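Next up, some structures in structure tokens.
Both complexes below contain chain A, partnered by chain B and then by chain C.
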Partner chain A sequence: MINLAGRDILHGWGKFLFTGVGLGLLIGVTLSMAGIYRGMVDDGQVLIDNSGADLWVVQQGTLGPYAEPSSIRDDVWRGIAGLPGVAETGNAAYLTMQIEHAGKESRAMVVGMEVDRPNRPGAPAYLTAGRPVLAGHYEAIADELAKFKLGERVRIRRHEYEIVGLTRRMVSSSGDPMIFVPLKDAQEIQFLKDNDALLNERARTAANPAFNRPGVPGLLEAVQAANAQSRMVNAVLVRLEANADPEAVAAEIRRWKRLQAYTKVQMEDILVAKLIATSSRQIAMFLVILSVVTAAIVAFIIYTMTLAKVREIAVLKLIGARNRTIAGMILQQALGLGLIGFFVGRLAAGLWAPVFPKYVLLLPGDALRGFAIVMAICALASVVAIRAALAIDPAEAIGG
Partner chain B sequence: MKLPSRRALALGLAALLFLAGFGWLVATQGPLARVKVTVAKAGETTLDRTLFGIGTVEARRSYAIGPTVAGRVAAVLVDHGEAVTAGQLLAEMDPVDLEARQAAGSATAARAGQLVASAQAALAEAGSRARLAQASSERYADLRRKSFVSQEAADAKVHEAAAAQAGQEAAAAALAAAKDEARRAQSDLAGLGKSRAHLRLVSPVDGIVTARLAEPGSTVVAGQSVVQVIDPATLWLRVRIDQGRSAGLAVGLPVDIALRSRPGQMLKGRVERVDLVGDAVAEERIANVSLGEAPGNQAIGELAEATLHLPPAAKALAVPAAAVKRVGTENGVWRLVEGRARFAAVSTGPASADGMVQVLNGLAAGDAVIVHSNRTLTPDLRVNVVDTLVKAAP
Partner chain C sequence: MDKTSIPAIRIEGLMKRYGTGDAAVDALKGVDMTVWPGEVVGLIGPSGSGKTTLLKCLGAVIEPTGGHMQLSGETIYDGKDGGWRTGDLRALRRDRIGFVFQAPYLIPFLDVTDNVALLPMLAGIDNAAARKRALELLTALDVAHRAGAQVSQLSGGEQQRVAIARSLANHAPIILADEPTAPLDSERALTVIRILNDMAVQYQTAIIVVTHDEKIIPTFKRIYHIRDGRTHEEAGEGRPL
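On to the complex of A and B.
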């Protein structure tokens, strides 16, 4: 017995193929949308993994340092380092800012990390080129996304930084590339203002009679020196001993140090469930609409393909073909269309994913799930066409 | 069954090509792609170790010149940037009533001098009177022996002589008192002169005026400076070095200095002093670095980057610093063994400025270690070794 579906496809293969490719591009968009969502989640995930921390200690009552601003004194770590179960602590400062590069401004997250020993918490987990920061000041490691080159000098606020290393997939939760600088520099970037702001601030202090009293020489200078200090960080990253219970240590810090402490699980919840909640729902909504549209288009295509073959199906019926044979032919064609569409879509998504400005993560699991859904949609869509085909009167083959 | 048509063959071939392309894409672009790494061999080399710090240009000796008592500034004779010599008058305080008190003092001193002269005259007169009374008394005594005068008259003369003698002594005492008084008045006057001289603010050294902090007419309290003078020959850098990277900091280390105004020009210097007391809050140590040949025109307070050269570590087993990773609570390197990543815990020593770090133990010379990777490594991960992960690094 010959394969009716195959014969029919070979008969009009060009049309079938182009329909499949068109459908594939639509599926590609759907898969990319899923990839964008996965990429967003992954951005949050890598932020957690790359900081190399087990606990995040932040200002009391905040969801810092990524989701909310948090500001604590930079000597807080001394009290935390002494707690049982704590292996290592590291101060970290985060700030998102515009950085000018090659005449263009781009958004980046500047990360202040401690550099006195290798691999302090907060430092990038791996490099793709160059070396770690070894000097205490004015060296930086940039994510490749920022498009800096090794040895380049980049101006951030008051100082120029030399790019000594490059890394990959070190991004903020909103996908901005990270630029790692020594903590003291980051504190300066964060709290030391530009010249105009400094001058204005000094003038304001000088105009305040409480700070500029006759008969108390040196008071104004002392106040101004105190104002220019930057002794704050955004978080203390804590690494725990191998056998320590993160929740227990976090509870200890919350209770006795009057600070907020988050474990990895809680931080994931903050970043994935809270920070990108709305945008991920937005994308999920879009994904649902795209799926519905895809299903509708597949159904429509198969329906019109069937209607175009009214006469042939009538002849088949006339020569005594069973309904099962006809239904099988339509179902096979629908599934074939879905198959071509899926592969073209996956290929297209894979090809255009690197061009996206933000990270698009195409997971194999998502692809498999997508394949199953595409096939299910095609099978369902063929039902309408099968019903139409079965309703065709064999007399149409000779009448018309 | 007949052979498949040419068209069917072409279609089949196209489908195969398509599937091959699909397979390539999945294997190289997505999460299933193999991790790419670059590799270096551990080897013995000489490590040029450096310390890095940020410093400001400061004067080793800075003189804040001001009055010792509160007062009003009468005149400021020098301005910012002027060269001054030791002893030069820089500013003067308003003496208020000091000059009048000086005039009164000198009048008192003059009067005391005159009183001394008057007392001297009185003493001379008393002496003369005493000598006369003495002579008269002796004459009467002589006459009494010859019984020309009564005993009473002779006794009266003896008394007169004694009284005149006492009068002379009183006059001598009055003269001494007048002289003391004159000395006191002189001392008073000298004291006023000293106070007056103290209101003249003079430079203690040859130097340059760096600040004019008060203008004539303004009131300053005791100890507030009016003019600041530095000795420009003593300019040096006060360099702050992170405690965590300050091992080996010592006097005499050679230093490369880049002033902020001339970032490209490296000045030579050396560590002159390491402060025993560090900054406990900033967790920094402070080293004072001399500027070898100062280019001139550098401003006090100017920022400078100082690179201190430690003695090099010879024959150190070193790997690129980027190879040192952390797994759990241990530092170590990923060794490349038969195409797979194997973690080896190592302890590291000092690092050089060009990105090499000394490995103290846990690794042998010639071991291949993974330097860069495009993903986090896991034990026994199969990796592809490439020359570089980033294209076209200049």
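On to the complex of A and C.
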């Protein structure tokens, strides 16, 4: 038996192809939305994986350091380092800020890390170029996404930092590139006030009689000095020994150190289920809307194509074509349209993903699921046209 | 025409009523007609006389409301005995009735051969045999040289020949031709009627030609006039083609 759908498609292949391409661009947007969601999850995942930590110790009652502000003393690591099962600790300070460079502003997450010895938790796991930070101040390692070059000097707040190393896929949960600087610098960037604020603060402190009592020399200076420096970090990242139970060590920290400790699983939950939950719902909503729009467009196209063939279908019915032959023709055309649309969409999504401002992660599994959904939508959308075709009276071929 | 054999079509007292009650319209009020194998008869009448309704009833497209209809001696409709004798009217149309329309109504996305071969294929004949049959018919109708052409590449006369070939593709004993010469000039119209006559003789097919065309009416040997839902038969001129 002749494949009527195939012959009809070949007969008007240009029209069919362009329709498929148009549909494909819409499917490409849908696939990109799914890719953006996957990218967000992956950003969160690499943030956790690349930190090199098994536990995140933060301020009690917070979801820090990524989802909520957390502030703890930079010496609490000493108490944690002595706990059984703890192999290594590292203070970390995080600050997302605008950085101006080469006349352009971009968003970046500045990460303060301890540089006294390599492979401290919180330091970048690997470099793609350059060297680690060796100096205690004013050197930085940047993610390639920030588009800095080795040796460039970048101004962050009051100081300039030399880019000594580059790394890859070290991004915040919102996909902003990370810039790693020495911890002391990060503390200064994050906590220190500007000169005017410092002068103002000193004047206020000096005017406070409690700090300016006779018979207590040096009290005011001590208070002023304490106010002028920051001894706070956002989190202590903890790497455990190979056989240590993360939950047990975390429980120990929560109980005895009066701090909050999160395991990797808990941190994943915070980043994926809480931090990007609203974005996920928005994307899910977009996916549903785009799927409905796709279905409506396919239904409309197939319905229009069927109505354009009323006479041919009437002739086919008159000369004895079975309903399943006619329904099969329409269904195959709808699936053909979906097939072209899907491949064009996948190609388009792959082409525009690298220039997207967000990380778009197109997973093969999502593509397969997308393909199945597109074909199901096309099959469902063809039902309207099939009903219309089956309702055509063969007498229309005779007229009268 | 072989009047010693069984008639290809015999209808007696065929009736068709549209609507019910006060809105009822009797389009056919008891039509009688007999057409023999190998015969081409004309069916003529003014607009609204019931020509198309009769054609639709004969083509098993609409159901009559009374009377009796036989194809090749087999009763296919009996108004006194439950109506249609078969539940599969599409198979009846596909296997036993050929159609030629006012316009050729070929399937535009199939080439000439496949337009003709489609009918046998729908009947379950394998593609090779169906195409062989199609080529035989196209040869008989003198359009075999356009076998691979697309429909849009054919002239009006060639399209109508292909439509006639399609109507013969399943060895249908009856062909119903609805104004087959309407879009053609005199010369081509007479050619089409000559072809129909040749095919009727060659394949022993009964052909009913519904027409208004004054040019071709004199060519029929027998004519059924239909007026107000009733037919009466008269001898035609049978002018040689």
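Criterion: the second predicted complex is superposed on the first by the 392 of 400 C-alpha atoms of A that agree within 3 Å, B and C clash if a C-alpha of one lies under 4 Å from a C-alpha of the other, contacts with A are read in each partner's own complex, and residues count from 1 in each chain.
Everything that follows uses one rule, which is that a contact is a pair of C-beta atoms (placed from the backbone, for glycine too) under 8 Å apart; a residue touches a chain by one contact, two chains touch by 3 or more.
Fair warning: this is a prediction, and the values are worked out from it, not measured in the lab.
**Student:** In the superposed model on chain A, is it clash or fit for chain B and chain C?
**Tutor:** Superposition check on chain A shows chain B and chain C fit without a clash.
**Student:** Taking the superposition as given, does A:H137 touch the first partner, chain B, the second, chain C, both, or neither?
**Tutor:** first
**Student:** With both structures fitted on chain A, tell me whether chain B or chain C touches more of chain A's residues.
**Tutor:** Touching more of chain A: B.
**Student:** Considering only touches as defined above, state whether A:V315 meets chain B (first), chain C (second), both or neither.
**Tutor:** Touch status of A:V315: second partner only.
**Student:** State whether A:L220 touches chain B only (first), chain C only (second), both chains, or neither.
**Tutor:** A:L220 contacts neither chain B nor chain C.
**Student:** By the touch definition at the top of the document, which applies to A:I398: first (chain B), second (chain C), both, or neither?
**Tutor:** A:I398 contacts chain C only, not chain B.
**Student:** Examine A:G165 and indicate which partner it touches, taking first as chain B and second as chain C; both and neither are also allowed.
**Tutor:** After superposition on chain A, A:G165 lies in contact with chain B alone.
**Student:** Which of the two partners, first being chain B and second being chain C, lies in contact with A:A379: first, second, both, or neither?
**Tutor:** neither
**Student:** Put chain A at the vertex: what angle do the Cα centres of chain B and chain C make there, to the nearest 10 degrees?
**Tutor:** Apex at chain A; the opening toward chain B and chain C is 170 degrees.
**Student:** After lining up the shared chain so the two structures overlap, which partner does A:T325 touch, if you call chain B first and chain C second: first, second, both or neither?
**Tutor:** second
**Student:** After the superposition on A, what does A:L10 contact: first (chain B), second (chain C), both or neither?
**Tutor:** The answer is both, since A:L10 touches chain B and chain C.
**Student:** With both complexes placed on chain A, how many Å separate the closest C-alpha atoms of chain B and chain C?
**Tutor:** 9
**Student:** Do chain B and chain C touch any of the same residues on chain A, and if so, which?
**Tutor:** 10.
**Student:** Given the complex with chain A, which residues does chain B contribute to the contact?
**Tutor:** Per the stated touch rule, the residues are 7-8, 11, 18-19, 21-22, 25-26, 29-32, 50, 52-54, 219-221, 223-224, 241-245, 263, 281-282, 305, 307, 320-322, 324-326, 328-329, 331, 348, 351-355, 357, 371-377, 388-390, 392-394.
**Student:** For chain C, which residues count as touching chain A in their complex?
**Tutor:** Interface residues on the chain C side: 51-53, 55-56, 59, 61-62, 90-91, 93-95, 99, 101-102, 105, 107-110, 114, 117-119, 121-123, 127, 150, 166, 178.
**Student:** Show me the residue ranges of chain A that touch chain C in the complex, using the header's touch definition.
**Tutor:** 1-2, 4, 7-8, 10-12, 311-312, 315-322, 325, 393-395, 397-400
**Student:** Under the definition above, what is the set of chain A residues touching chain B in their complex?
**Tutor:** So the residues of chain A in touch with chain B come to 10, 13, 49, 52, 75, 87-88, 114-119, 125-132, 134-138, 144, 149-151, 160, 164-166, 168-169, 184, 214-215, 217, 231, 239, 241-242, 343, 346-347, 350-351, 353-354, 361-364.
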